[in-house]
């Protein structure tokens, strides 16, 4: 018997809200959104954790410019605090080495992080989800019982065909959906609204494609001042449906 | 004993060259590049197959605008010819339903397609690879013994950190690399060149970000006339390192 | 009749294995037919016979024995186990699963908790159970 | 000392299982310690003892028995099997694997064909082998 699943709830017990950032396919901005959302909430004075669970392409550490740190051991491992965020990622343990993991390995590695990380008391844990609705995503959905899902898409038909499957799956599993964000918007188009009209899901708004964003990657202070941060404040954090007042 | 692995070589025996389109993370243009490369080679008169092996987010059928067709059975299954390309994808069997597959299921589904699809004689089989270097990618690399790898990246630090791992892995496994394409280029920057200088890998060139591309998705004729098609002709097909004269 | 392609896989694999084991004659190949894939037995055995004829001495007197393997599913969320009969698939769904059994995850749900995250414990598709022969 | 966290997981899981089985007293918990994770036994058993003390009656007389499980790896490409000793990891690598055994795939290769695509047949980490007690 694997003892780790039993301890996950206990590890997350001090966390008020778990926001899992997901979406149909890769490259739609899950990692950027998770990282900037975490930074923004931290700046607002909330206690925030960020957990990168994309084991095949961990990116949040690159976005936050984290390098050369290693978590402390203390009755488990304590996520290092970087830029005001408690941050946990497999990157501490793999460095830059490629780690070709099978499904079973990914499940195991994610579960290990969940079983040994001591988050303490947090207002928010933001989770950078593994892409899609494969095994990794299904495991996380199962373990993070209290997670609320923030769904990203782009305005592309290619992204929409997959994001619809994610929404359908989350609804089937009766998971709470914070809403859908259209990221990297480049032009006016009703495609996202039209394609998602059949699903009863809040459309929170759009984040424009930001030509200057790339230069801010690796620079947390600049990211916290970016258009993306401003838009996330506007369309997610200040949206009454996000129910921030509860926190 | 699983009999399917033994028949894969036989199924691919009539194929001259297998080009596997890969890259570190999702959203860098693997599906678009595979599809447009297949269309372009077909227009040049080559016999071309396209195999979508991204089971978690199959997209090539959306890009090519394929809908409502189903393969014939004849001593196996015959990939339907669409826009001059023999096209095979799991989409024939799942339709628009979400199919949450585990690693083991993905391996099985890919192997089933490889074991029962009769490509016949082809000059090129273009493979839209599963993202990254997880289990799915490792399986495909193992089964498609003769594959040559065409690697995509964007100019983003987030993409580069992962594409380097893919290159390192392919080189460790001594797999032939056609070269690296920088996709969705938006501005001049030496980042891709600098970051990849330590790897002995041909940089084939860049494909610009094309604002009009989205309108061509689903329209194969328009895609064949797109800037992307022109650039793929220029930087891949006409590059002497692609060794087209052998075909 | 994609059963032919699966039959070819069985014979290829059997030949490969027999060679590795140093057999000079294959006597019997025992093949398990998983219920989920709904293989049509007539075309499958016909294909096996035809393909065996195309091979030389190694397979000349080879017999193929088929065994049924019922499909059993187990939910990864609530641990419920169920059988194929409970799956109640329509014809198009059955047809799709016939070609790629994994797409069952698009059409089947756990009968208790409705989760699509289940395991196929047995009875997925065609496997070789045993090969006997002369060395 | 992240061994404490793993010990907590063991006790949580044992309690959960004992409740499910309707036990009133746990007598013995047999824990397998996989070699790959290089658990430090002193802090681990110390943690187990301390955590048991924090629990009530159910665990009052519980004994924990530890069993070593050697790590064995098997290459998915060439089927070679090898043991942990052959892995020759440096200290930082061993430390990383201690926290997340899967990162072994970043630092180990098949000794024969150099592939990173291998399976951990046994000896990955901490598992519960058996729980006995009174109903």
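When the chains are written out, they are named A, B, C and D in that same order, and each has its own residue count from 1.
Heads up, the rule we're going with is that contacts are C-beta pairs under 8 Å (C-beta built on N, C-alpha and C of every residue); 3 or more make two chains touch, one makes a residue touch a chain.
Because the structure is a prediction, the values reported are computed rather than measured.
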item: Most remote chain, CA-based centroid, reference being chain A; value: C
item: Interface with more contacting C-beta pairs, comparing A-D to B-D; value: A-D
item: Rounded Å distance, chain A centre to chain D centre (Cα mean); value: 29
item: Rounded Å distance between chain C and chain D, as computed from the means of their C-alpha atoms; value: 36
item: Length of the line joining the C-alpha centres of chain A and chain C, rounded to whole Å; value: 40
item: Of all residues in chain A, the ones touching two or more other chains; value: 97-98, 100-102, 105-106, 138, 169
item: Multi-chain contact residues (two or more partners), chain C; value: 116-117
item: Residues on chain B engaged by chain A in the complex (per definition of touch); value: 24-28, 31-32, 56-57, 59, 62-63, 96-98, 100-106, 131-135, 137-138, 155-158, 161-162, 164-166, 168-169, 186-187, 211, 214, 217-218
item: Contact set on chain A toward chain D in their complex; value: 1-7, 10, 73-77, 90, 92-95, 97-102, 105-106, 108-109, 112-113, 115-116, 118
item: Residue ranges of chain B touching chain D (in the complex, touch as defined); value: 138, 142, 169, 172-173
item: Contact footprint of chain A on chain D as seen in their complex; value: 1-2, 4-6, 8-10, 12-14, 16-17, 96-97, 99-103, 105-107, 116-117, 119, 124-129
item: Interface residues, chain C side, partner chain A - complex; value: 76-77, 109, 114-117
